[in-house]
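Everything on this sheet refers to the single structure shown next.
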Amino acid sequence: MEIIKTLLSRRRFLQASGTAGAVGAAALGSGGVLTALKPVRAQAASPPTYHATKITKSICHQCPARCGIDVYTTDGRVHAIYGSSEHPISNGKLCPKGPLGTYILYDPDRFKGPMKRTNPQKGRDIDPGFVPISWEEALDTVAGRLNTLRDKGESHRFALCFGRGWGASCAGLLGPFGKLYGSQNVPIGHSSMCSDGSMLSKAATDGNASYSAYDYRNANMLLMFGVGFLEAFRPYNNNMQVWGYIRGERVPKTRITAVDVHLNTTLAGADRALLIKPGTDGALALAIAHVILTEGLWERPFVGDFKDGVNRFKTGQHVDPGTFEEKWVKGLIEWWNIELKDRTPEWAAEITTLYERDILATAREFGSTRPAIALFERGVHAHSNGILNGMAVHSLNALVGSLFAKGGLMYQMGPSYGAMPVKEDDFMDDYAKSGPWKAQPRIDLQGHEDGYLIAKNMLQEVGPNSLAGKPYKLDTVMFYLTNPIWTAPDGRAWEDALKEVFVVDTSPFPGETAMFADLILPDHTYLERLQDAPTYPFQGWPMAQLRVPAIKPLYDTKYFGDTLIEIGKRIKGRTGEYYQALGDSENVIRHLAKGFETDPGDNGVDSFDSWKEKGVWYKKNYKWRQIGGAFFEWDGKGYNTPMTAEQVKKELFKTDSGRFEIRSGKLEHHADWIAAKTGRDKDKLMFPHWEEPQHPGGGDLYMVTPKAAMHAEGRGANLPVAIANFQPVLGGRGTVYIEINPKTARERGIADGDLVRLKSHLGSIEGHCRFFEGCRPDTVVFPMENGHWAMGRWAKGRSPGHCGEITVNQSDRVTGQCSYYTTKVSIERA
Amino acid sequence: MNTVKTKQTGILSVALIGFLVSAGLVLDNLAQYGHAALNTNNLGISWGFPIVVYDYFLLTSTGLAMLASLAIVFGGETFRPVIKRAVWLALAGLAGGVAVLFLELGHPLRALWAIPFSFAFSSPLYWKVMCVSFYVLSLLILMARMLKSHWTIAELRINGIVTLVLALGVTSIAGVVYGSQSFRPFWASGDIPIAFIFESLLGGLAFIFFFTYLAYAFNPAALPTGVKRLFTGPLPRLLALAIFVHLLFVLARMASGLYGNLEGLQVWHHVATSPLFYAEILLGLVLPLVLLMRPGTRNNPWVQMLASFLVMNALLVSRYEYILGGQLVPMFKGAWAPALLSYFPSPTEWLMLLIAIFLSNTFNALGELFLGLSSEGDPSARVEPEPLGAQWGEGGERLAS
Amino acid sequence: MAKWGMVIDLDKCTGCQACTTACSMENNRLPGENWQDVLFYHEGTYPNVKLMWFPRPCMHCENPSCVSVCPTKATYKDPHGGFVLMDWNRCIGCKYCQVACPYGVRFYVDEKAPVQPDIRTVFPSADGRVWDPPYRGPQDDPGRGIGIQPHGVVSKCTFCYHRVSKAPAGIADLDEDIPALKEYVPACVRTCAPKARFFGDLDNPESTVNKLIADKSGVRLKDETGNKPQVYYLSGGAAASVPSLRSMTPSDPA
């Protein structure tokens, strides 16, 4: 009887959310009977009409692409996100992540205001004991620490690390802060943990330290090396629009060969899928170059030719440099003689495990189809030989003349931003100009002989270096849009490092790094922010988006740009004056927009207000083009103004020679250092060449951990809809599996679906495996997404474990690229 | 008689307590978790164990009704001792089944008005519900008329015919519900309604054996002579025949299923290799069949009790494998749904079986106590006493002595 | 009246699942209960392995088996547009329609949550619905299965009835690239980046959807069930094609 009584109690019934109330209650004859009989009342008084709905033009935040979004808000609630029709990247479309932004806004696990730590003990799964504080207290605390450091002459012991910087009103403020306050460690970007290997490979060859912009729509062949074009390559949304066009509408249909280490949707959709051995893409590229040369398929107007027109590229045979006249490339014949002449498809087949016939067919197709683009990202260069692989692939673009060509690739132009309200140079005090901090190296040893001389950033070294006190220990570190405890390889080192440092996190979400924070200064989520964002490399022509808040902030949060400005105002001396003059982030953005007054966008954006209304400023003409080996500038009507070699050097090939340097001047300048640190041959290290990659970890299987379409930069793990659809090969309806080739599994006594343990010398993680023939027998694959121990209720503890726990912190010594995909692990039944 | 009454009171108490406990637990679970307390899912297992239980009790009910009405229409006085019990048991069983159905439905009370007034003539379930309603009515009338102390089979003839038609209707429509799902070849077949009728009849026979013995507290000596005559006469032979026919249907479907290539039939390979299926066929059907075919064991009351009990279980398994089997191949759920779904009843679903069992038994015991179900076989009542037949086996003699 | 139909060009589909997530958000789907789904399959042996995917909404059949089995007429074929809809005020949750759908596109609301913790407990509803997410859309029409579901009923794709039904009368195609029409286009079609989806009036001989079906030999999924889907798939487009039925008969107008 007690059971029935309990059941009948209203309280109990309401508690039971997710109840089939009608069933339980109806059978009992309680109030539920009426519920069951009564028609469901409509929730809205009248049928919805869209004129009651406000549409805000903003931009997405879930990958670097910056798609324009229409945010639908009714009665103060954001309920839908679609691509903006007027936005050149999204064109009314979105990727699968886009619509999930509302989850991010209404994430129940968000931080709701500034907080400080009360538990002095730090550690994994230790409750920080956060208690709410006022913004005033929070900002004063940070500024107080910073002022004290500066007074002691130790301002370099403050570091500010950031991940996804967006524009001048957030990441753009960091450089001046470092200069004025006096810390070379403000800022340290995450580019080395992103795709610096690609930037540096390009800097080494064509002088542009940048990702490329691509003209896919006019290309007739795309040769993709480890880019995940239909999974993660930015701008993903636009890539798919391109795909629909080039594969479903365009005449002729663009041919696609995709190279990767496991079968993904890109490979499945390509004409030819090549499942290559990890770290050997460079060998494939060299063999393709070999075939292009021996079969005379190179683009002569761009590359140059033998003086007598007779092709002397014969396998194994030395070529006299004097017989060849190079045009826009430098070092081709030397490259042939020192490396390429023996790099036959047969040789590459051995290295890459691909079939010789496939290599040959790929090379012939790529060499004989114009325009063609060879594109590559981390799959290629996140290895110890990354710079060499990257240069080898990029050199293919030179051989077929696709640099700056129609249907080729180029580099992104910046927007016509107005000047900042004030110049930081006018506010430099003596300390800033010549304080003791100046004598210190960067904490990550970027630009230092003992560290990474040529790299752009070395975020992955910050934690370990501080922990080791080499070059010194940090006192205070602040994080913006980065969560290195989780994203850095071997995050345990970061955990130990951050235990002894005062940590300020600005994430709105309870990430792993936030759990080690002493102060939480939560940012707005992106639908609440006003934030500028010049385009990520897209189609070359300039574009600047504006993230416009769709609703007022739900909680007591503050835009990071303003948090930084407010801290700046509290720094003693001239720094504070600078930030007083800067005012706030909106003032900064208003000044940026002034540039549009004299250079209005194609869509009529010529002011802050029109920018805010439309969400994007752009001008659709790229300034330069290479046509048949000659370079021209846009004159307003066409590419009609011929460019001189000097202009080309200044604007396009920013190398010593002003040409595409297969023999890299940039590397040659540092030849001694590179030779000392990598053991490479001093005569060869400036050429793309084959070098066995180093695979640490101590296991026998390559561990590959790609990002999938549902990976929403740091937030995908806590989005229930993303979790539910984490497909195709790696996912599995709420459970992400470790992909393994059936043969590999059976040899180890592992059955389909078994719980397995992956081990490197750093430790082990567990997860369920799934047999997949599209996984190489020497490789295990699972996405970098799961295994959070913080980050929110859905993310926490989701299997399989996090790859970072067993990924060795190894970087390409030249590019500084963190080699995420190079650790070897062993697998066993758990 | 008094001891039997006492024992019936005991059965009633056990059944009632069992019902209250199982219903309490189920309602508690449903209140907490809703239908998530069931192991059905949106991958493809829409109808789980509760529907198996409901269908099992419904078809048993129609089997009992068929038995009773066939007896009325064709059987004559020999069958009289079990007619009233069969009718009441049909109602009691249905009550158990419907109770479970109501717990399984999303909106059971809405169903009460929404179905009859929908005029959804294209839906087998509409016809099934309409048919069941009239079927219940017909059974109630029959029961009411049998409550008179001196009723004759002849006066129930029309009633019997109506009940028979409705029972056949309910059973065959229940078959159509599955048999018409042409894209589920494990289910779909034109002869499913016929198979259901025979299966249902088998259930009715097994139940009447078991519950008759239960009425006398499993004491064969207490059986009235009329019952004894029936149980040593045509009824065990009918039971054997019904087992045989049901076996034929199952094995024939299995054979064509195993040889068929159509997608969905691969479930048969799964079913035909499961221990449960072997238990159903060998223990639940073949063993009783053999025991009932052997003249030496056929009329042994303990054999009959065992056989009917085994058949009752086999039919539940059979129903389970049929209903689940048709759903095991998921419809377009992709590589991450397994090729064959897996299902096992949750604790709540098992408790729902107990609800059906205990509720039916509660009603049945009430009938035994207050409706004089046993009076028809009582020699002191209408049936002429007769000496024991020669076919009454040795066991019976031993026990009777 | 129009008979709305969808055409999905499989040559263009990238398997990104944006259709699935856009639908999830537009229609407040529980995570993992995808009205619109993309199904992945793979076959073959390393190194030559086939990975394929198949986008699958409700087919909104001309002759839907789910509708004919419903004992309460809670699921019905809307005569104005040919939508297959649910009346949540009539549904008794018997799930027969789910059993009778050869495409697996119907969902009972009270099953265990595919993603734990159950988001329904995070955003509980105060008025008898299954949940109340703060980002739910303003549309609510229980008689057509639109909005947040009540307990104990079956839900399904509505072809975004709340959008499509507002389209100007007589229009042949709802093309999301035409700004004036985009608000009427179903969420999955509107968001599809490679433009693999088209939505229009199958009863209008001049519609783009009919043109595509004719030019690229559109086929219907599991035509042998006789359900006659109003969703057509395109691939290849050769005139030499495998017929989906032994004899082809013209479709019924809506």
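Quick notes
Per-chain numbering from 1; labels A, B and C assigned in written order.
Keep in mind that, in the parts below, a residue touches a chain if its C-beta (ideal position, glycine included) is under 8 Å from a C-beta of that chain, and two chains touch if they have at least 3 such contacts.
Only a predicted model underlies this, so the values are computations on that prediction, with no experimental measurement involved.
By the document's definition of touch, common neighbours of chain A and chain B comprise C. The greater number of contacting C-beta pairs, out of the two interfaces A-C and B-C, is seen for A-C.
For the pair chain A and chain B, the distance between C-alpha centroids works out to 64 Å. If you average the Cα atoms of chain A and of chain C, the two centres end up 34 Å apart. As a whole-number value, the distance joining the C-alpha centres of chain B and chain C reads 40 Å.
Under the contact definition stated at the top, the residues of chain A that touch 2 or more other chains are 18-23, 36, 727-728, 733. Counting partner chains per residue, chain B has residues 34-36, 105-108, 110, 334-336 touching two or more of them.
Residue numbers of chain C whose C-beta contacts span two or more other chains: 38, 40, 42, 110, 113-114, 118, 151-152. Put simply, chain A touches chain C in their complex at residues 17-23, 35-36, 39-44, 47-48, 50, 52-53, 74-75, 77-83, 85, 91-100, 102-103, 105-106, 108, 230, 236-238, 240-241, 243-245, 247-249, 263-265, 267-269, 275, 709-710, 720-725, 727-729, 733-734, 741, 743, 772-777, 793-794.
The part of chain C that touches chain B in the complex is made up of residues 33, 37-42, 54, 56, 67-74, 90-96, 98-105, 107-114, 118, 151-154, 221-222, 225. Interface residues of chain B facing chain C in the complex, by the touch rule stated above, are 34-36, 40-42, 44, 46-47, 105-108, 110-111, 114-115, 118-120, 122-126, 128-129, 177, 181-184, 327, 330-336. Residues 9, 11-12, 14-18, 20-22, 24-26, 29, 31-32, 34, 38, 40, 42, 44-47, 49-53, 88-89, 110, 113-125, 127-131, 133-142, 147-148, 150-152, 162, 176-177, 179, 182-183, 187, 190-196 of chain C are the ones that touch chain A when the two sit in their complex.
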